[in-house]
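Structures given as structure tokens follow.
Paired with chain B in one complex and with chain C in the other, chain A is shared by the two complexes that follow.
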Partner chain A sequence: MALDKEIYAAFAGVVGEENICDDPALMPAYFFTDFAAVVLPKSTAEVQAVVRLCNQFRLQFRPICTGWTGFFRPGTVLLDLRRMDQIVEINEKNMYAVVEPYVTSAQLQAELFKRGLCTNLKGAGAQCSAMLRGHGHLDQSMGADDRNHLAVEWVTPDGELVRLGSLGSVGEWFSGDGPGPSLRSLISSVVPPSCTPGVFTKVAMKLYHWPGPTRYSLTGYSPRYLLAEKPPNMMARYYSFPTLDQMWQAEIKIGEAEIALELMGFNVAMVAANITTSNEEDEAMFKRLSQEVQGPGFFVIIAGNSPDDFAYKKKVLETIIAENEGMSLKSVEDPEIEGILLTQCTRISASVRETFRPGGNFKSIPIMGQRDLTIRWAVGAGQAKLPLIEQGLIADDGGGFFGWGVEHGHLGKTEIFCKFSPLNPEARKAVDAWAEQQSNRALEEKYFALTMGPPEQIDSKVGPALSNYHLWWYKVLATLDPNEVIPDKGVSKLHP
Partner chain B sequence: MALEEYAGDMSMCCRCSACKFVPLQQVKGFKHANVCPSISRYNFHFYSGGGRLNLGYAGLKNGFQYVPRYLDVLYNCQLCGACDVSCKYGMDMEVLRPIQEMRIKAVEDGHPHPALETVVSRMRATGSMVPVAGRKRGDWAEGLGLRNALEEKVEILYHVGCLTSFDPERQKVARATARVLDRAGVSFGVLGEAETCCGGRAYEMGHQADFLAQAAKSKELVEKTGVKTLVTSCATCYQVYKVLYDRFGLKDELEVLHITQLLERLLGEGRLKPSRGQEITVTYHDPCHLGRLGEPWIHWQGKKIPGDRFVFDPPKPYRRGTHGVYEPPRRVLAALPGVRLVEMDRIKEYAWCGGSCGGVIDSNPEFAEWTAAERLAEATCTGAEAIVTASPWSEKLFAQVLAKNGGDLAVYDIVELVDQAV
Partner chain C sequence: MMIERKKLAETVGESNLYDDEATLEAYSRDMSFANPTRPRFVVKPHTATEVKELVKLARETNTPLVPVSSGAPHFRGDTVPSTGGAVVVDLSEMKKIVFVDRARRVAMVEPGVTFGELIPVAREEGIRLNMPLLPRSTKSVVGSMLEREPVVMPSYQWDVSDPLACLEVVFGTGDDFRTGQAAGPGTVEEQWAVGGRQKAPYGPHVAAWHRLVQGAQGTMGIVTWASLRCELLPQVQEAFLVGSARLGPLLEMARWLIRLRLVNECFVLSGLDLAAVSAQARPGHLQRLRSALPAWTLFYVVAGYEYFPEERVAVNIKDISALGQRLGLEPVPALGGISARELMKTVQQPSGEPYWKLRYKGGCEDVLFLAPFDRLEVLTELVARLALEDGLTVGEYGVYIQPTVQGTSCHCEFNFFYDPDDAQDVLRVKRLVAAAVRSLLDAGAFFSRPYGEAAGIVMNRDAASLDILRRLKKIFDPAAVMNPGKLCF
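Take a look at the complex of A and B:
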């Protein structure tokens, strides 16, 4: 679906011939659709110009960063933001970093470590954009989702440049809500569309104190990097509990005590995936760890700013674990495995091991809400996975789910996924049915709203369950996007 | 294996983009996070390892369209294998293998790169990958009194390689190698004028049939000498004899050593005693063919187990770049008095390619030089006075780019430093 010559020339006039491709033969490299063209803008001005052309020619467009992205309609113009790859500023004093879209989380974090700072990387992995919204392993102590977005430079769907927060009033990046215009309610939502229409061209990310080393000292070769030396005042453990309620009590107490750098409600299948380097090793390790645990559990990293601080946090942690009859997993106490988990779970470098490695695909239901309620839902969703596991349609993770509290609180994210082969139509069908059932169950029980739902569910289910917010959203969108250049009303789908 | 046999691997690509970067644990800062020269230079996703697999998979399903842009993608790849290592940090799937097969398929389907075809025809005609220009292969050894392995019984055959044999600027490495082996009392010989190309670069250019024909000639010659060990100072030749010949059942029991491995052995045995040398701070460039691509071949045959996961019976052992030749050159450098090694950000299995792999120096010299310039800039960041490598191809390209762009770095082949020290 190549572009009309005149349109092609107009885009090429903005980004240069070498930064546009509309050859249909190459489009399969970009996800499951026939894009009309891929353009690579280099600057905010080029993004604006490209977006204006999309409006002029009534072409729908979508921006992407590293390539891990959703499903789009054929004929969409793809703005690949790969050439916008600069760290604009790291402001140590005010603790924010301004990044362009293609700065990866791994790059920003490595720079921040050198300065005793860190950012909350998303669970999708450190190769993803540093400005990505969402949740990650460090949610417990480093905020989450849009709360880490400060001032934002935003090209709206009709090509207008909007500077949000303090950027719009005093030209500074320190705040997203003022002084200056705050449109946080428009640019962020955990319910669909859950992604902002238009393009973020620069975002100030909130930074946090990093008590760890300026750089991990690693030995070994890929795929098994080991910590040469455990950093002082850091510890990683996995605790399992006799009951779900005891696990939750321990989680909430740890939050109240504000001692954890990271509290990840990993199931043991995810621990096994992280510490192993192949599917076969993973399977054996999962069996081994399943024997070791006494029930549900979570993974914790504590890090002290001094030996005394570390000793205090460790003592509090051990007290809480003991009070709730928790048991530390011996395998994770092994310094080698502890080291692997410390580095991987702070640098988020092995997400694909947990998700894509076994079968090539996974389908997830992430939810936000009061953790003890969402955990109850997740138990049901996990049990509903068991027949699929027995039939060999999805990878065996024991029906596991995961999640954690955000900012040491009782609100947080709970997530559950099925790992399967996209080449097995029976598996895909079964997983889709599971996802629909469990998402519906969530909505019926009114714990929360589902995300990543298909667009039609917004109108029929999600919107009505949430005060018909979608009707308001569509009105806002009509103003922002008068020429309807945003596909699917801004809703992102992961797969066709 | 034909491309079809990697359909499952290609279907596994989740477009996570990890193959564009060094393994994520090894990202040390804003700079030097990229690992794929092709996407770093050309930016579109289809230039990355993952993008190539997505194209290959679509091609298998819907047919290949050899449009100019597709051929541009196909031939602007160093086949350096960095994407393969980064992907396999997290995934169980082949990346480099199908990329190579896509190139072979293009040649078989009648779409070779014209410049590469010229190089391969030259190899067919002269047994050399580089222009012969009226010279003889063994000329570099004139006056050294070396033994001819076809005429005298020796323990080790020194295979010099095309570039080192014919390029007047690189012949110094052959002479240095011969001197060092001689000083260590190694029983070695050369093939002189009879030596012929290993054929490996033709394989990377997509000309598999030409490679196999050339490899058969080379194998026959080596067999005639009766040696049990072959040593080479060329990283590419090392990879070809050690890995590629093994893969195609051409290696048999021949022990294949890179000169750095033999030097490490000789130093360990006290047969080489470095005693002099210059005070110099150097950085070491891991040639792709000696490093990640030099990992031994693993013979495996199996079937995918039907069901939910991409697993095989028997389990498939992947080559992930773990077992390349990384330490021998570093240990050799450590043994040289006065030489201080400082490392670049991207090293060993996740080293940035030096620019001379995959036929790119012939098909797109500008891209080759760009890739090398990136490496030289990284080397400069270390504060080193010199960049040392163990491949004549990298050494030549580095020197060429420095001469063109300027810069204070000196370039050495590791054997030159050893030669100076013993």
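Take a look at the complex of A and C:
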């Protein structure tokens, strides 16, 4: 679906001939759709100019930063932001970093570690954009969701440049809200920025203290790096519990005691995925760990600002675990495995192993919010996976789900997924049916409602169940996007 | 066309409708320099249904509504009508504490609930509020959160919207809406039935709707309840004061205390503000305290919770001691006749009477803004120069610096005290405030919560944001009946 020559020339005039493509042979390499063109702007001014052209020619556009999720209609202009890859500022005193869209979490974190700082990397992995809204392994102590953003530079759907908060008023990045009502109300998305209206060109992210080393000392080679020397005042453990309720009680007590750098409610399938380098190893390890654990569990990292602080946190952790009859997984106490998990789960470098490796694809139901509520729902969703496992349609994870407390247990995240082969249509069909049934159950039983479905489902079912938010959203979108250049009313489809 | 008296009486009941001279006069002005404008009626609804009906009536008749939730005295001018013919919707009778949930560290209250009313109920359950510095006794909890007032425990403020969780609002269209987790599915009662508590603030979908209502000064709608995250009650607490003639070292210490999450309450006060906060209601006490205090004082509290609380406190005090030595500062339990422990008890409650900002001279006008840590010394010096030009020395006005959002910025507040009966004094403060706002803005102060005349200057600096806000206003309050004349609306 190539562009008209005149339109193509207009885009090329903004980004240069070498930064635009509408060759139908090349574009499918991006995603399985027929883009009108892929353009690669280098700066905010170029993004603004490209968006204005989209408005002028009534072309729908979608931006991606590092890319992963998203459904793209044929004829969409894709803004690939990979040339916008600068860390604009690291402000140590005021604890924020300003990044462009293609700065990865890995890139930013490496710079931050040198300064004794860290950012919350999203669970999608260190290779993903640092500016994403989302959740990750460090949520316990480093916030999450839309709550780590400060000022934002935003090109609106109609091509206006808006600088939120202190950036618009005084040209600095330390606050994103005000004056008056906060425009962060509009641009903090439940899904990645590719689904929100317009383009974020720079974002200030909150930073957190990093008590670990300025860089990990590693040996070995990919895919098996080992930690050469364990950093002082840090420890990683996996604890399992006789019952889910005891696990939950321990999790909430750890949150309230404010002792964990990380609390990640991995099931053992995910632990196995993390510490192995192939599916064969993974399967064997999963079986081994399944024998070792007494029930559901979680992975914890504690880190002290001083030896005394570390000793105190360790003592509290062990007390809470004992109170709830938790048991430390011996395999993780092995310094080699502890080291692997310590590095991978603070640098979030094993997400692909946990998700894609077993089957090639996965389908997930992620839920943000009240942890105890979503755990109750997830138990049923996990049980509903068991028949699929028995039929060999999805990878065996024991019907597990995972999740963790956010902001020392104030909020939470729970997620459950099925790993399957994309080459098996029967598996895909079964997984889709499972996801639909479990999403419907969540809504009908008043646990939560997913807002990432297709527009027709949002209009008929989800929106009316959620204070008719969709009607307000459509009004907001109409005023921001008069030429309808945002596809699907800004409602995302994660998968085609 | 305006709302008829009869319709109002039918909606809220005759006994909750006021149009007597004394009441209208009382609502026509506040302690700020806002021009007095008498409302046409004052109504006190008791339910969300009544509020919804009021908004619908206002929209049908193009009658301005001015929502108020806190009791007098008010200080910002945002509850004084900007236009004639307004109906003040006083929510102070909506006093239900809907729930306090210890396990999930969350509470839900109606807008008439004050800090003084919620604190003991929360304490009974084992939790407490992250509250602003000494709110006046009549201050609404919901009102404070909607104003994005800074809170005294910055380590627990992960986002500037904290501690607000979810809310129910009647937009200017007359439609009601619930934000965040409260949006659904189902009613809040149906959510409670499966164990849901309205705590997660974001959503639904790609918006964070509560942020649109916060900071709006009632221009988008009227909030009929809100939920708020609460914190655990500590089992052991130790408070400290650190005095200094210079602001810089104290800010550096505060910055590290928050970064390392070593403390709960943490803020800096000038000598006069610390004296005003601590003064007892006896003649000369405030003056005597002030004369014995250093120019600046950092206050912080170290706390321990359920597990080995004394040990946690001891470990943190040891780490803080090392930090203090590095910065050449010495934390002490008492300073200039003020006990840190007593101050801790004071700031964990609403202000006693008289309200602390009225203790020095009977009147106070604030200039408040956000700024990064490393800009504060420059901004305080700038104000000192401006004040001196008007004959006011540094010790004659107060300064309150509150680190916010886990140390990513600071709320800075200049408290210009004046004698309301002294016309010269009033005029000087009025002049000084106007000059300070302009100069501070040019020097990088971010007025995220602009009130009164300053709002116009502040809002107009950012035309792009202004344009979007006005477009949103047309969606949520198309008839512009919600508190017209405030901010940029």
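FYI, the second predicted complex is superposed on the first by the 482 of 496 C-alpha atoms of A that agree within 3 Å, B and C clash if a C-alpha of one lies under 4 Å from a C-alpha of the other, contacts with A are read in each partner's own complex, and residues count from 1 in each chain.
Heads up, the rule we're going with is that a residue touches a chain if its C-beta (ideal position, glycine included) is under 8 Å from a C-beta of that chain, and two chains touch if they have at least 3 such contacts.
As the structure is a computational prediction, the values presented were derived from the model and not from experiment.
Asks: Return fit or clash for chain B versus chain C, each positioned on chain A through the superposition.
Replies: fit
Asks: Could you tell me if A:S129 is touching chain B, chain C, both of them or neither one (first, second, both, neither)?
Replies: After superposition on chain A, A:S129 lies in contact with neither partner.
Asks: Under the stated touch criterion, name the partner, chain B or chain C, that contacts more residues in chain A.
Replies: C
Asks: Does chain B (first) or chain C (second) touch A:S306, or do both, or does neither?
Replies: In the superposition, A:S306 contacts chain C only.
Asks: Figure out whether A:L466 sits in contact with chain B (first) or chain C (second), or with both, or with neither.
Replies: second
Asks: Once the structures are superposed on A, label A:S439 by its partner contacts, choosing first (chain B), second (chain C), both or neither.
Replies: In the superposition, A:S439 touches no partner, neither chain B nor chain C.
Asks: By the touch definition at the top of the document, which applies to A:T201: first (chain B), second (chain C), both, or neither?
Replies: In the superposition, A:T201 contacts neither chain B nor chain C.
Asks: So, does A:F356 touch the first partner chain B, the second partner chain C, both, or neither?
Replies: In the superposition, A:F356 contacts chain B only.
Asks: In the overlay, answer first, second, both or neither for which of chain B and chain C A:K315 touches.
Replies: second
Asks: Does the superposition put A:S182 against chain B (first), chain C (second), both, or neither?
Replies: Once the two structures are laid over each other on A, A:S182 reaches chain C alone.
Asks: Measure off the angle at the C-alpha centre of chain A toward the C-alpha centres of chain B and chain C in the combined model, and quote it in steps of 10°.
Replies: 140
Asks: Contacts for A:M368 in the overlay, against chain B (first) and chain C (second): which applies, first, second, both or neither?
Replies: Touch status of A:M368: second partner only.
Asks: In the overlaid three-chain picture, find the nearest pair of C-alpha atoms across chain B and chain C and give that distance in Å.
Replies: 23
Asks: Need the overlap of the two footprints on chain A, from chain B and from chain C, as residue ranges.
Replies: Touching chain B and chain C on chain A: no residues.
Asks: Please give the residue numbers of chain B that touch chain A in the complex, ascending.
Replies: Residue positions touching the partner: 8, 11-12, 14-18, 20-21, 23-30, 33, 43-46, 48, 50-52, 54-55, 57-58, 62, 65, 67, 69-70, 73, 85-86, 88-92, 307-311, 315, 318, 320-323, 326, 348-350.
Asks: What does chain C use to touch chain A in their complex?
Replies: Interface residues on the chain C side: 103-105, 148, 158-161, 175-178, 181, 183-186, 190-191, 193-197, 199-200, 202-217, 219-220, 229, 232, 255, 259-262, 305-308, 311-312, 315-316, 318-319, 322, 370-374, 405-409, 441, 444-450, 455, 458-459, 461-462, 464-465, 467-469, 471-472, 474-476, 487-488.
Asks: Contact residues on chain A for chain B in the complex?
Replies: Those residues of chain A that touch chain B are 19, 21, 23, 25-26, 28-31, 38, 40, 66-69, 80, 82-83, 87, 103-104, 106-111, 114, 125-128, 215-216, 218, 221-225, 277-280, 283, 343-344, 347-353, 355-361, 392-395, 419-424, 427.
Asks: Considering only the defined contacts, which chain A positions touch chain C in the complex?
Replies: The touching residues are 91, 93-96, 143, 145-147, 150, 156, 160-166, 168-172, 174-191, 195-197, 206, 208-209, 252-253, 256-258, 305-306, 308-309, 312, 315-316, 319-320, 368-370, 372-373, 376, 407, 409-411, 443-449, 451, 465-470, 472-473, 475-476, 479-480, 490-492.
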